[in-house]
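Which chain is which? They are A, B and C, in the order written, and residues in each are numbered from 1.
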Amino acid sequence: MTEKPEQVAKAGLSARKGHWLIEGLQRMRKNRGAVVAGCAVLMFLFLAIVGPMLAPHDPVDTDPPNRFERPTLEHPFGRDHLGRCIFSRVLAGTRVSFFQGFIATGIALFFGGVLGIVAGYYGGVLDHLISRLVDVMMAFPGFLLAVTIVAALGPGIVNCMIAVGVSSIPRFVRLTRSDVLSFREQEFTEAARASGAKDFRIMFRHILPNVVGPLGVYSTLRLSTAILAAAGLSFLGLGAQPPTPEWGAMAAAGRGHLIRHPHMVLFPAAAIFLLVLAFNFLGDGLRDALDPRQSD
Amino acid sequence: MSLLDDRRLALVCALIFAVGIIGMACAPEVEEEPDPTEPEEPEYDFDAGIVISRGEEAETLDIQNTTHASANTTWELLGDSLVIFDEEGNPSPLIAEDWDVSDDGLVYTFYIRDDVTFHSGKELTAHDVEASFERWLSVEGSPTRGDLGEVESLEATDDYTFEIRLEEPHNAIWNVLASPYGTILNVENIDEEGDDWGTARAELIDGTGPFMLADWRRDDQMVLERNEDYVWGPEALYENTGPANIKEITFRVIPEETTRAAEIRRGNIHIDTGVPSAEIPSIKEAEHLVTIMNRPPSLSFLGINCEAAPLDDVKIRKALAHAINREEIVEVVRDGMGDPPYSFLRPGTPGYCPHDPLCFEDEIIRYDVDQAIELLEEAGWTEVDDDGIRMKDGERLESTLSISDTETAVVQGELVQSYAREIGMDIELNTMELAALFEHLRAADHEMFTMGVGYGRRGPDTLYWYHHPGQRPAPNRFYLEHDEMTELLELSRVTPDEEERQEAFCRIEQILLEEVPWIYLTYRDYLAAHDEKLENPQLEHAMYTFPKLLEVKVLSE
Amino acid sequence: MLMASYIVRRLLQMVPVLILVSVFVFFILHIAPGNPALMIAGPDASIEVIEEIEAELGLDLPLYEQYLRWAGNVVRGDLGRSLRTRIPVTEELLEYMPNTLALAFVSITISSILGIIIGVISAVRQNTPLDTGIVFVAVSGISAPSFVRALLLMWVFAITFEWFPISGRPAGPLFSLPVLHAMALPALALAIGGMASLARLSRSSFLEVLRQDYVRTARAKGLSERVVQYKHALKNAMLPVITILGFRLGAMFGGSVIVETVFAWPGVGRRIIGAIGTRDFPVIQGAVLMLATVYVLVNLLTDISYAYVDPRIRYD
């Protein structure tokens, strides 16, 4: 949730020696908030995998005469405006929302990471070009960028993921680049170069492992942003295609019924809230753990 | 700091937050105290102003160069056309006190009132009418100018006589003459600003209507003031022919429906002509609001590309039509506001079959799942795959429905999808932005689409646009080749014989039910709501023709 | 003089960035399906009418020519006219932009004040339940989707308690009382997003500063704990906070799209969404260019002010 990738970069910098990951995770165990959040994320992951199978009803099965039914034992979250079981839809939607965030962040991580490593490693004209490109994308308000991309590609989950992913690439580039810059002239890089390793090998075998930590932390934080952005696109009608159960679209569809049938908004919104909250706390915890300066 | 403290605190925080959300969502509406000081005899405030909400801003007030609904509404108030439709859908006097149409249907002569002035004080003559129409025909890219037909000449034969000569008869001409598009404008002001006149400066918008534009802050509010000189209101529609009984009208633009409904419940908005369906119960419950049902000739439908497999088989089209539960769609999509439709024209609108029984009684397609399944089996779709989808020669019975991304269209699409699943047909929904949808439908690679049509009081004429082969790829998106229908459509355009026209439309309705290029989904009603302190705002037709607000009075507080 | 040449260089760097922004917007919009002429004429218009409108608007020219034409005009200070309202885009932006900027300004102010207060309190009370609670609430705020947040704020404070107007912008100058009153909820809805990140950042930088030498010195000099914390540490802890204000602005502009829609605020975000819907290219291009310019300038400004607060920063 921080807006400053450099901050995270420092975390990685100071933690790169030794078994930083193990040490970090041990430190994190003391952070109960992060542990709880981590468990919550694992639970969501579990639900994302098996959720659709656990759903007591078909999430797309409509039953208009019983629409807007309040929560009951059979339908613990009630029914929506088409009489579909909200509980089943929320369960089934875990997969959609979870992976929407995951893949969007994955896209950003991959392209941002590669561009960042290339820019940081080669420097010079290439670095300059990539940095300008990042400036351009940063100057374009992120959410508007996503809206424009979806307008160009057409609405839908996949396009939505691409849009959200692309619009968060620049932050990843900045983070990776500043990290790589600090490794470029280090001994192990020099050593690799001296032993005749190719640029490609140095970048991806020697430098990459060192920037994975901060990138991972930052990705966890960006996941929450990505999930929220996808929900925002659904609010504008640009997200998942009906009848796909997607939390943002479900909450948005219920917003007109907020007064009389609050359960239509409440449950999907709470699901988004909890998942995003979990990612935020986990990301915070990871960052704190990997940044020893804060671990007193 | 003990572990317990920390955890307990987090738990409390979470609880507070959750309770907060639930409490907020369930918070009871604040009851409005009924006004205790209601006077025994109503007293009216003739200097009052009222606020009307709109969902979208008028993009331009150049009414000759837009079809935007907000511009139409505004011009009903700012201007007058030559004629206006009365309750029965017949043209009645407005700027023109009388008119003649030559027997061959080519020459329209209008006799102009001699007491009409523009807001600027300029007197209106037939020359202004001519100039206004001339300008209309000269606007490059005007979406409406073609609706006048093939115009041979326009001429003010004297100060108060205006003549339109056509190259061929055009029965639909009244539709534009009686609409706000045909408003008589003071073109002197247009010349000053050219094509940008419609948005340039409020003082340049010069019409003859009961209200004058006073202020316009775009996407926020537009303020109209009473025209004190207005006395030429249409007698066929209003007892008060002017000036209006209220001093000021403010249009407020509020895009989000939830917000709009909250504002009218609070009493900040006095008229909302399109209450969003989700808000209907809360609006109906509000004690200070009066609701009026609009029943315009307006249809939402599912259109089928009759050339795209598998829907090129009429049996499948018919099966799908039988599978649709229209009553339920009206209930779910429109909260009961509307009627299930069984013909293109809504009963009671001009052109609807006058006979009993109806000329197309036997062909009417009703909700009947068994019949639908029978039709599919007849067509050879007998196997069923694991998902319950029908198959024929190894091919699944599937199709794509293209819809716009509005809430209503999506809900409607989801329902259609679930009905189709009942009979073993797999429909994929393809939602897109309106801009993309329009283009998609023009590219003619669609299979099915949903749309709405408000066809006005002379609705049957629109059938020509929808089914004449010359209108492909749009608005004829059905691609149904039917020679008899084509002939009938051409006949309806030119025949001066009303009875023959009527017969043609009855037969066309019948053909449409035999061939099923349309699946009618709902006749749409609209709920208008107004504050109880307004008397007689005449919103019965507001969705279709906005009233000139001459009758509305505001009760003194 | 170092500063002046730095500013000039940064301003020059802006030029290619803005050009690329405009190229990017232009081409992505033109690849997008949808035809402005079709949106103007309506879905039922004849092909002739549509072609006529396309010719009228210059949409029939090759893409690069359309871009060069537009760019040429921009250089001359003319952003073109809206395809729909036919108003000069500059004029439209002058109408909408102040509303959005004011909203962003108020909301950044709210989020900075609240964010810093929260951050400092939780740093001073580090690892106490208060700290945990505050962080939890702050993070909760950004974990709800923005439209849910906006609707809830409206529901509670405008509809139920009637403390604020529900929507709209009253007439009058931007920073007059009724306008600020109406701006409060949308600004708060936007501010909550930034508040949490500011709180996090000011908490950690405050913690860091507290550990540093000069704070220890101040303590050693016998200054009371309170004075040390609030006077010495606070000033230095603000540094990183300032840097992210510029970043926040971008998020603000993005978030304003939804908030402006919910609260019927006549701002540029809502205008852009409307323009995307009708494919009103000049408006989208002009507005995005303007937002990008503001964004770049504000970031330059924060960098400069950073230098004022922290003289150790050098420009090279």
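Definition applied: contacts are C-beta pairs under 8 Å (C-beta built on N, C-alpha and C of every residue); 3 or more make two chains touch, one makes a residue touch a chain.
Keep in mind that what you see is a predicted model, and the values were worked out from it rather than measured.
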Which other chains touch chain A while also touching chain B? C
Select the chain at the greatest separation from chain B, using centres from the mean of Cα atoms. A
For chain A and chain B, what's the span in angstrom between their mean Cα positions? 43
Rounded to a whole Å, what is the gap between the Cα centroids of chain B and chain C? 37
How many angstrom lie between the CA centroids of chain A and chain C, rounded to a whole number? 22
Where chain A touches two or more other chains simultaneously, the residues are 33, 151, 154, 255, 258, 265, 269
Can you list the chain B residues in contact with two or more other chains? 6, 10, 21, 25, 29, 258, 432-433, 436
Which chain C residues sit where two or more other chains touch them? 32-34, 132, 136, 140, 151, 155, 276
Parts of chain C lying in touch with chain B, wherever the complex brings them together: 32-46, 49, 52-53, 55-57, 81, 84-87, 92, 95-96, 127-129, 132-133, 136-137, 140, 151-152, 154-156, 158-160, 162, 165-169, 171, 261-264, 266, 270-271, 274, 276-279
List of chain A residues in touch with chain B within their complex: 32-33, 36, 60-62, 64-65, 67, 81-82, 151, 154-155, 237-238, 241-243, 253, 255-260, 262, 265-266, 269-270
Which residues of chain B touch chain A once you look at their complex with the stated criterion? 3, 6-7, 10, 18, 21-22, 25-26, 29, 257-258, 276-279, 281-282, 328, 331-332, 405-407, 410-411, 413-415, 417-418, 429-433, 436
Listed in rising order, the residues of chain A that touch chain C in the complex are 1-4, 7, 33, 132-133, 135-136, 138-145, 147-149, 151-154, 224, 228, 231-232, 235-236, 248, 251-252, 255, 258, 265, 269, 272-274, 276-277, 280-281, 284, 293-294
Could you list, by residue number, the parts of chain B that touch chain C in their complex? 1, 5-6, 9-10, 12-14, 17, 21, 24-25, 27, 29-30, 56-57, 59-60, 62, 66-67, 140-143, 146, 195-196, 198-199, 217-221, 252-256, 258-260, 262-263, 265-266, 268, 432-436, 438-442, 451, 465, 471, 474-475
